[in-house]
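Paired with chain B in one complex and with chain C in the other, chain A is shared by the two complexes that follow.
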Partner chain A sequence: MSQYKLSKRVEIGTAGVLLQAAVAITMAFLASGILLAILGFDPWEALDALRIGAMGDWESVQGSMVHAAPLAFTGLAASFAFRARIWSIGQEGQFFAGAMMAYFFTTIVQLPAILMVPLVILAGMLGGSLIGGLCGVLKSRFDVNIIVSTVMLNYIIVYLLSYLLTSRIWMAPGEYYVQSARVPKSSHLPDMFANTDLHIGVGLAILTVLAMHFVVNRTTFGFGLRAFGDNQVAARFKGINPKRMTVIVMLISGALAGLGGMVQTFGVDFRVSQTFLTGYGSAGLIIAVIAGLRPLSVGLVALLFGGLANGGLFMQVMADVSSAIISAMQAIILMFFLITSVLFQYRIKRVTSDD
Partner chain B sequence: MTDLFQQAVLVSMFAATIRIAAPLLLVSIGELVVQRAGIWFLGVEGSMLMAAFVAYFSAVSSDSLYVGLLAGMATGVVVHLSMAIAAVTLKINQFVTGLGINLLASGLTLFLYRENLRAYDSGHIPTVTPFETVPITGLSQLPILGEILFDQHLFTYFAFAMVGVVWAFLYRTRFGLEIRALGENPKALDTKGLSVSRRQYSALAFGGLMAGLAGSVLVLALTDRFVPGMTGGRGWLAIVIIIAGNWKPLPVLAAVLVFAFLEAFQIQAQGVGVQIPYQLLLALPYIGAIIVMMGVKVRSEQPAHLGVPYHRE
Partner chain C sequence: MSNSPPLLKVTGLTKTFGPVVANSDVSFEVERGEILCLLGENGAGKSTLSSCLYGFYRPDGGRIFYDGKEVSFASPRDAIALGIGMVHQHFVLVPPMTVLENIVLGSRDSGLALDLGEARKEVHELCERYDIDLELDTKVWQLSVGQQQWVEIVKVLFLGAELLILDEPTAVLTPQESAKLFRILRRMTDNNLSIIMISHKLDEVLQSDHVAVLRKGNIVDTVRTSDVTKEDLTSMMVGRPVMLQAEREEIDPGETILEVTGLRIRNDKDQQAVKGMSFKVHAHEILGIAGVSGNGQNELFEALMGVRDTDSGQIWLYGDEVTHHGPEQMIKHGVGYIPDDRFKAGLVGEFSLAENAILGLQSNPSFADGPVLNTRRILDFAQDAIQKFGIVTPGPHARTDTLSGGNAQKIILAREFWSATCCILANQPTRGLDVGVIEYVHQMLLEKRREGFAIVLASEELEDIFALSDRIAVVFKGEIMGVFRTDEIDIEQVGLLMAGQRLDAKETKQDAHVTI
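Moving on, here comes the complex of A and B:
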């Protein structure tokens, strides 16, 4: 006689995680479809418009990749900090800071494109890591909870941008909308290939995904990072200084998010404004969790979310569904992912009554 | 400025402090009980926001403030209980779940707000007629203090009363002692045969009631409509307030008053036309939160099992 028994898995393999993500995403689409139906939309029409907008043709695939690039950066930023069990939710503010710092540099220096583009890239990293590093220092020097400092700075930075715009320091004369003047042409991220929309920010995102995969999994620093995340006390015995580690992780995490803001601004928007920059940080948090904090998976999930964002715009036009549903859908995916993560912790085992 | 004018400004600023304190106090007191029960719930912001959203649209569509109020409170309870299912029953990471609730709330309310507004003419966003203040006969006639303390909304009196009630509950009742024990040593309760999860569910239900009430107060008493993202970090401030208040009711009240004063000051300064960028004034509570956290070193009452799911081994 045999019976079935639930037992807890030690670790879920990559295949398991992918299956789990697939189940969660399917369920989230179902739930979103039901929500749309309740609101009186035709869910098939809407979700089909979403699919066509995201990957209907090569053009829309490119659009999805361009939407995915900033998300990959915020996703990497979140997963890097979470790997060290540093609960930073500051990606939103650091994303703003990266875009703002890079914009600031374009207002004070004028250089040919060959120098200007590297400058804005570095400035983007600088802006994000200043904010991230500040939270790291507040934690290690003053024991200020990272969650609290990062959330508060998310609000503060938005007000700073609002000030720089409404005081007309960054706004073009006669401008009606609350947005900055356009950045100079020399600072635009150039396209990678002729006849595509893929600017070098997309390539930078792919390279950064690969680089972070290497850093986290193949270097001594990455080993220290994971050891620190797993057990801070044990890590201290291995010679890792927790205060220094916190500051370094926050600097790097901030730089990653800042790069994202830079890429979005200098590759797509060419202006800074609150509406242009909002939402990437929180999407990055969701991406990091669904990707299991693995850099390569972050790249894949960012592509999915980029597709959703891109397709959402098309859906708004075609099916008249507000594209605000995309941020709701992202959170719904996260919730289903969390629920399925419980189910996938267990496996069904056949046990014979003899043992 | 004449003395009389100065006095009027000060009185209205302190009255505003008390008024603004009410929703912050309600949500903080609820979160205090939740955290004392060992649940590290970061989703209060989302719970409040969903409650405000539901309270507003229920009040508008039913044309009754009370329907809105009840619906808002029920929403808070539902959102908090979904945290209970996730954190207590399924033992999912509390940090991630709380965050997820916030993101779900902000995404869903923004989307549903836009879709719901289609039912109304553009430019005709419906408003509610907010609850009036209820002056307390006799006391409200007192010079200065009367206007500051005793001409407030019913919710405000209730919020301040709840500080005492929750204090008495936590420190003077058996059930309160058990709630505190949950955060410190849930195993002790379990070995005595007392259900850990039932008590954590109750704590979260109470927290939801308070957060739901706080969200409803925002739309039904302090303003007259819902605006996406209108909670504006109040739920997060509640978490700052609890850490700053060292998980104790009276210091929590003190911290609430500090933040409410910063906000009242900001409103007053804008009204008087002080020559400071208004964004700096708006950012004051958040800057203040970081400074307060730098100064507060005492964590003696932080529950030892905060955020740690209880597994029976």
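Moving on, here comes the complex of A and C:
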């Protein structure tokens, strides 16, 4: 007689993670195809358009990378905080704050590009970390719940931008759309190579992914961060000050999200507006979870999401499928990642007994 | 003796959890009017076995006979209906209710109206019969832990149990309380009740009639208690001979290393947990802190390690004040800490063995070059620790939460013994460990004593305290009831002090000076 039993795996391993990702993505695309078919589209045609748009040629790959860059930053911001079990949902607000702080600097100083670009980069980090750090301090000093303070500040920042625009403080005279004036040419993020669309924000994103991987896994600070995240009591006995750690993590997480907002604004949009900046924070949360909070995986998942966003535009044109379907697909991918991550924790074993 | 069938007979009982075999082919009998002790190390299958007997788990195989008839239980309700009652290690009482209400609670299908008058008479009678001293109208929260255990026992008796299963009944008792417990158990067996007791404390095991020794889910042997010695039982339980009493050589204490003066500390509930403790610990000396846990030991250790603020008083190390130094500094000063709850306060479960072996030392130049971890040296250190401390593990990359308690404790020992240079604070370092590992921990602590460390050792196990300590400080409700040289005092007296009774000077063996 033989039967099958479920048992829990102790460790999954890199191969397991890759297999899980492959299964999840395949199933997510299958489900998306079904969704497209239900909506009355030809799923093959639509998904093929998506593929061509995302990676059909070098041109579209570049576009996907440019779309991925801000997502990588918000993904890193979320994964960094979550790694310390600090439940910051503030990436959206910090993303806005980074863009706004950098824009603010362009309205008060005029410098040559060689100085202006570093200035807006720093300003982007400053904007995000001010907001993140504020939530960290509120937690450490007054024990204000991080989820609550970050969500509240998201609203405050978004409405602050709305105020700055509609009150015409940042809107160009005679402008019809609710958006700021264009940022000066000197502040634009330059392209990394000639004849490409890859601005230095993309390179910055790649470097930041690598740097965060190193910081989390190979430095004494990252060691403390991970210890703090898994066991605060033990970490405290071993010299990690929880209050200081919370503030530092929130400062860094905020700076990462702020960089994302700056990169999107000064590499792509060249203006700030609510519509341009919305959605990157929440996408970052999804990316962080799918990536299992691992920085390198965040980079890969951001690229996947960037490809979807970029390909979605092409799909809209070619197959007449609304690019809003892309948001649904992102959610479907997340769902299948969560499902497979649970499934992959178990293994099926055949048990034979002699009864 | 008699030809009536045994009260309980178990044959071939088997219980598995997935791939883990908790009990395999277990057979034993309990006669009427006897105490059977189930003895075994952690994970030997004692708790699973008792859970099968009172209907909490359903065995996968084997048969249970009660009073000669084969039975099977769908739930503890069936077991209690037959007369099998369980007294858990962690009490399930309602603190704001009275003793009587707790005893009657959930026992009768009497509808909404509770006839306490009738029950009172019955409970009173039970207490009388077994000489249990309980104030029925006292609220349970006012009772000592020992008294709460009487309530649990009377509760089970009130339900009509003829066979009581007691899970580690003396884990929380002072020596006097446990002596009293055994007197009462004896009265019960005299009245033809039977008792199954789960224990790993050898002194208590020897008070039973029969001992069934479990090892790795099997019953190794069932023996008549009067035929065996402690040493026999230990080697049956462990599978090899074990040295029960560590050899403590006489060494003269050296200079004062750690000194605490007038320390007052509040707990998380903002109550005074430590009320003015003072003591000194010298080089080459182990100061034992005896006391039922929850009498300020944890708060004391947390304050000494710098993770809890003190209200007043000072902590001195080599004559320098270190009162408000944080944990990072205390580690740098060379103070090592072995926490009572190793997975909560000592280890990070998601970390690898190697990472935990350097937890708190990650910035030490031995393991990091500036801000960057030196993975090579960390792994070497872990590999070394695995070898030196005999940690059973697939390797330094193994996740810590997959290790057993004993192996986890060895990681902590490896780490703390490496980083500590003058002082070791050991809070219940052998709690929940197997005999073999306890022996090892004792030897390591004595080794450190020989090397000249000052060691503070808190334990509920008075045997540990007496075997290792040069001096014993007894704590009760945050106060030190007295500090004695180990040869000036005996277990009985320490037990009284642990229960809050002060000794007359005459009572101690010699005219003891309280050596603080």
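One rule holds for everything that comes next: the second predicted complex is superposed on the first by the 344 of 355 C-alpha atoms of A that agree within 3 Å, B and C clash if a C-alpha of one lies under 4 Å from a C-alpha of the other, contacts with A are read in each partner's own complex, and residues count from 1 in each chain.
In this text, a contact is a pair of C-beta atoms (placed from the backbone, for glycine too) under 8 Å apart; a residue touches a chain by one contact, two chains touch by 3 or more.
Here the structure is a predicted model, which is why all the values come from computation and not from measurement.
After alignment on the shared chain A, the placement of chain B and chain C results in a side-by-side fit free of clashes.
When both complexes are overlaid on chain A, the residue A:A211 reaches neither chain B nor chain C. When the two complexes are overlaid on their common chain A, residue A:V151 makes contact with chain B while staying clear of chain C.
When the two structures are aligned on the shared chain, A:T220 is found in touch with chain C, with no touch to chain B.
When the shared chain is aligned, chain C comes close enough to touch A:A235, but chain B does not. More chain A residues lie in contact with B than with the other chain of the pair chain B and chain C.
When the two complexes are overlaid on their common chain A, residue A:L115 makes contact with neither chain B nor chain C. Vertex at chain A: the C-alpha centres of chain B and chain C lie 70° apart in angle, rounded to steps of 10.
Shared-chain residue A:M335: touches chain B; no touch with chain C. With chain A fitted onto itself, chain B and chain C come no nearer than 8 Å, counting C-alpha atoms only. For chain C in complex with chain A, the residues that touch the partner chain are 18-19, 305, 307, 326-328, 331, 337, 339, 344-351, 355, 359-360, 362-363, 368, 371-373, 375, 399, 402. For chain B in complex with chain A, the residues that touch the partner chain are 42, 86, 90-93, 95-97, 99-100, 103-104, 106-108, 110-111, 114-115, 232-233, 236, 239-240, 243, 277, 279-280, 282-283, 286-287, 289-290, 293-294, 297.
Residue ranges on chain A touching chain C, taken from their complex, read 5, 7, 10-11, 218-221, 223-224, 226-227, 230-231, 233-239, 241, 349. Those residues of chain A whose C-beta lies close enough to touch chain B in the complex are 39, 87, 89, 138, 142-145, 147-149, 151-153, 155-156, 159-160, 162-163, 166-167, 282, 285-286, 289, 322, 324-332, 334-335, 338-339, 341-342.
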